[in-house]
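Before anything else, here is the set of structures, which you'll find just below.
Consider the two complexes below, in which chain A is the common component and chain B and chain C are the respective partners.
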Partner chain A sequence: MDKSKDIEQKEEIRTPFKEFLMKFKKQKTAIVALIFLLLLVVFSIIGEMIVPYGVDEYDYMNVLQSPSKAHWFGTDEFGRDIFSRVILGARISLAVGLSSVTIGAVIGTILGLVSGYYGGFIDSVIMRICDTLFAFPGIILAIGIMAILGPGMFNVVISVSIFSAPSFARIVRSSTLTQKESIYVQAAKNLGASDMRILFRHILPGAMSEIIVYYTMNIGSSILTASSLSFLGMGAQAPSPEWGLQLSTGRAYVGLNWHMTFFPGLAIFLTVLSFNLLGDGLRDALDPKLTQ
Partner chain B sequence: MKKKFIKLMAFVLILSFVLGGCSQNSEEKTPVTDEKPTQTEADNKGEIKTDIVIATAVDFITMDPLDANDTLSGGLQRTMMEGLFGFDKDMKIIPLLAESYTANDNATEFTFKLKQGVKFSDGTDFNADAAIVNLKRMADQTLGLKRNSLFKMIANNEKIDDYTVKVTLNEPFGAFVNTLAHPAALMVSPKALDEYGKDVSQHPVGTGRYIFDTWSPGEQLVIKQNPDYWGGASEFTSVTFKPVTENGTRVAMLQSGDADFIFPVPSEQIASLEGNSNITVERRPSIVTRYITMNTKKKPFDDVKVRQALNYAIDKEAYAQIVYNGFAKTSSSLLAPNVQFYDAQKPYEYDVEKAKQLLAEAGYPNGFETKLWSSNTSTMIKATQFIKQQLAQVGVTVNVENMEVGTLEDKVTGYPVGTPGEESDIEMYVIGWSPSTGDADWGLRPLASTESAPPVSYNAAYYSNPVFDAAIQGALETADPDKRAEQYKIAQKQVWDDAPMLYLVVDDNTFAYNNKIEGITIIADGSMDLSGGKLVK
Partner chain C sequence: MLRYIVKRILAVIPTLILISIFVFMFVRFIPGDPARRVAGPDATLEDVEMIRETLGLNKPVFEQYKDYILGLLHGDMGTSLKTKRAVTYEIGLRYMNTVTLTISSLVWSVIFGVLIGVFSGKNRSKWQDYAGMTFAVSGISLPSFWLGLMLIQIFSVKLKWLPTVGAEGFKSLILPSITLGASVAAIIARFTRSSIIEVMKEDYIRTAYAKGLKDKKVIWKHVFKNSMIPVVTVVGLQFGFLLGGSVVTESVFAYPGLGSLLIDSVNFRDYPMIQSLILIFSMNFVLINLIVDLIYAALNPEIKLQ
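So, the complex of A and B:
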């Protein structure tokens, strides 16, 4: 790339968003991932209109069929169409991934801001709680929380948010600590801006790029955790088309009917991979250190 | 998830290496072939294997016959201990430690002639004294063991001579001999009872073909050959039982040779085993009957038409196909066909229109909403989904609640004795029953007589019918098989027509084994019978 040209362009239209778009366009894999994810979003919204069979369309004459023209991904033990169920399962996985990470991010960000900005006792308390949560391996913590709350998708969301919050708190705290000493924050303080205004108008936007990257990456692992919980029987309950649950029921048939586990497994794999690739791309596009 | 499975397989692999090493060591100590076994020969030529491994689906609970209410523990106890009577492969009563018996006409006095020359494996003689110690222990209701109530009719035990015992009952009980064939009536060495007291559950001593060796709960239980067994020593020098809950792992163990016999074979995987020429898969009809109880004291199940309607609403053939992969037969009575005094009833043929019409007649033209309880095993999850879908066809909305077995048991039986059905939380409940006495009494009375409402026994439908109760009582008051058959005919018809349960299927027992062994079988009540176990030479 011609560097002088680059500089010229930047001088013409230099808003942060445009700059980001330009850099992001170069991340080919991330764009492919993004397209795949957008497709999933479309499936989640209009799934019922495009699938050939209903989610609970039982057909006892055609159980455990291998993939064919009529059933692209084959049928399961009740004769339900696996292709339709995988498409319709996208909604559950996306909803759980997005909502749990969003809740975790909001809680974590607020805690991180408060912790980093005020310091002292509050900081110690919040950080020690985070340390405690970090000490558990993620899935074990999630299983523990599920054991207390009982099975169900709503509880999966709660449990995943609880264990994703501390990571956000840490990231935001470290960013807050650096920005607190910056000239613009000091200036705002001297002009008499309230703490709230400083935190949310000046410090938060500065931490935003890191939050976005981490947020994207975290959705992938949250979907994986949610599927694992369903696989273990603690998340979605039959007859939900949740992918982890489909994988779990298919496991009994794995010797003869590989398609029952293969396709839901592939769906989980591709979705998580896409979120991670997208996250990588975003980081490359957003991180100022990488371009300097 | 996949990672987890791989880890599990890796763990099994490592375990098999370790255990493989162990069994080879013991073979070296007790060579069984005439040829001098060199290390390589032993490894390559596959010397005759006399230590066999059996993988089961669940763990054993206790080795105290009187305190076990699970079929698996009962079956395992039968390898080490024997009762006065037992069952052959077809669930027919055979005498074991008793040679013969006589009973009076109204079934209150039974005289048993005992087998002579039998010793417990700790050297104690089996005689009238030993039998009486055991009979007393069974009848002693103060012990509070799970199966004491089975023997509450024993009033008095009298020693006629060293090998004759007369038992007097406090009420007529025609099914007494069957009850003595139940695994709870296995004879334990009086010396062991003395020595271990309650801990006999960890140290069972009997007259059986095998002797208890070691047990680490959750891992394995080992029994070894009883060289002095009165019927001749077994061919297997030891048998190791391993509880392997994961269906796929159990099958993989059989395929890899880590297990020689597995039970049950998950029906989904039977097809994949049948292609293997080193493995035999067998299926035998069981006496496990599957049904759904409906709380007859609660609306809308208080109306017999509703209960019959639901019986018509489920396609039992499809249920057997889908849930049990065809390894089950539709029910034709509350009793399974292999149970004594079974009498076939007119089936509730699958008929959605008839079901809807009956519901309309009962005042529920638009159906109703109810909840269905079951355990959370994969089979039961499949079963409940099927039932939910079928009942939706007639407008009945079923809210499925799959629970862990302990929780479920609590929810069903966690009420004080005498709590009326109206106050119980239960509505519909999928469950199965295996009458281990092989007799109609134990197949009907605990499930449907008025006295058996939870928590006393398993009448979770809170069914109460005077005709049924009278027939059950009438059958108990005689030892004459013809008269008992007549009464059980009445009882079966009554409970079938009143439909306090939604009758589903009778399971098949499926088991598979390595072709190096033969003769081990699963008898109809689901317990394991090692008596015919042989090596294929």
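So, the complex of A and C:
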């Protein structure tokens, strides 16, 4: 009696989400990455409370100091503490990465759903535009948009969103195309469900796991693109503690003070690496093909 | 086969036209009066009018596009606002530098990427695999400007083995191509690995082992050959990333190529130059993808048969 109840309960709790959690727990590196990212989120929220120095705390007596007990990562050309500035820079990079990819993902997903579901003329228009945007290699499109909009972090977000939307559109479109023919979508159609309902209640959830994985990895590459733009002088402007900008100012001192470029760069590297590892882990936990 | 080639070449034409429209509209996307924006805040009305004239902004849009395309077909891309010389002249000076850099990066990253991918895939879930894939995921996450500056720090400043900047000879190409190729090597390694793993599952590989072939022979003769077909496509796509990445790398090493020219032009708001460079970058990318697709078709018997 007790035993059968036990089995019943076990079957009950195997929801897709629980199953995902079970698989995700086995992804050790992804969990480490997630912890690191959560730490960065904490830094972005309460950064000011934990850093030893202010972001604009000039100290002309202690410029270009090597790492020491007082300044763990050394100081920059104005005597500002690099450790504090790296911690406070986390907020900018996370905000830019998350917001630009979220905008890109929402626009791209809607375009992909519409394109795949309705097909025909609207599909070819959307896909042609995507093809054209894909024809601009890598960061070139982002630089072109920055050249039009002018420098600044807000414009970086716009530019990176436009840059990431087409890939979401493609992924969601192909998933929509396969699901369109599925029994459950046909059934919903026969029951008289509206297009909107079919798109957002039936097809979107089916594409969700792919979107989540791609979203996570895209945050990493968007942070890279955004910091590259800042490094090239088109993104954040002084005295922002943005990591790419710190590297850009540090490059003038590269022979003398390695720490000015080393630490902000390490921060970018670890953040992007964590998003990529988390994305890998999510994919392994979500991909039904890999469970077989 | 011939039909496929013709079809593929014809398919490029609408893309090229769309790119040209996009690039043409580029200057017109600038908020406010583009001529005024180009002229800068201190310009007199006369200067603004002159720039409007130079950019052809006083004609109807369709007319302007026609002029633009006719100019392009005659090899005229306008005049640089910064140097007052023909854009084509400035680009011609640096074009080969970027090509050399991109190709040398591609060569080393394909060789390394494929080798790492093969060893990882062959030794799946062993230490070689973990080492290879650690390299790969790190390579994808590395900010190239950081890698470049660290390489300068170590090899130019500390060890004094290699020059910091410029484009004189083979030595000055080493650090920039390592910087530019790192992420591409990583992506190729990941892709090769999964392709190798796929092919290893095939029946004909089991047969090859079963008939007593040596491990090395199976890997290089059977697995390697068959797993390279999808890798070719990835290499083509990576060429685009190399072209785009050259912007950052060239500006780190002050390498006189198209990428550093693009950054200079953006900073100077040299719009005719920016416009033409973006056009050149994307056209190169489209044409390379065309070539890769044709190579792919030649390699892949499934397409050949159609």
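By our rule, the second predicted complex is superposed on the first by the 281 of 292 C-alpha atoms of A that agree within 3 Å, B and C clash if a C-alpha of one lies under 4 Å from a C-alpha of the other, contacts with A are read in each partner's own complex, and residues count from 1 in each chain.
One rule holds in what follows: contacts are C-beta pairs under 8 Å (C-beta built on N, C-alpha and C of every residue); 3 or more make two chains touch, one makes a residue touch a chain.
The model shown is predicted, which means the values in this text are computed figures rather than measured ones.
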item	value
Touching partner for A:132 - first (chain B), second (chain C), both, neither	second
Touched partner set for A:140, first chain B, second chain C, both or neither	second
Which of chain B and chain C A:161 touches, first, second, both or neither	neither
Broader residue contact with chain A after superposition on the shared chain, chain B or chain C	C
Partner chain in contact with A:56 - chain B first, chain C second, else both or neither	first
Partner chain(s) touched by A:273 [first = chain B, second = chain C, both, neither]	second
Chain B versus chain C as contact partner of A:220, first or second or both or neither	second
Contacts of A:77 with chain B and chain C, given as first, second, both or neither	first
Chain B versus chain C as contact partner of A:231, first or second or both or neither	both
Touching partner for A:247 - first (chain B), second (chain C), both, neither	both
Residues of chain A at both interfaces, chain B in one complex, chain C in the other	227-228, 231, 233, 244, 247, 251, 254-255, 265
Contacting residues of chain B [partner chain A, same complex]	1-2, 4-5, 247-248, 251, 266, 268-269, 271-272, 315, 318, 321-322, 376, 378, 381-382, 384-386, 388-389, 400, 402
Residues on chain A engaged by chain C in the complex (per definition of touch)	128, 131-132, 135-140, 143-144, 146-149, 220, 224, 227-228, 231-234, 244, 247, 250-251, 254-255, 258, 261-262, 265-266, 268-269, 272-273, 276-277, 280
Complex interface listing, chain A residues touching chain B	56, 58, 60, 63, 77-78, 227-228, 231, 233, 237-239, 244, 247-249, 251-256, 265
Complex contacts: residues of chain C adjacent to chain A	14-15, 18-19, 22, 26, 29-31, 137-138, 140-146, 149-150, 152-153, 157, 239-245, 247-248, 251-252, 262-263, 266-267, 269, 271, 274, 278, 281-282, 284-286
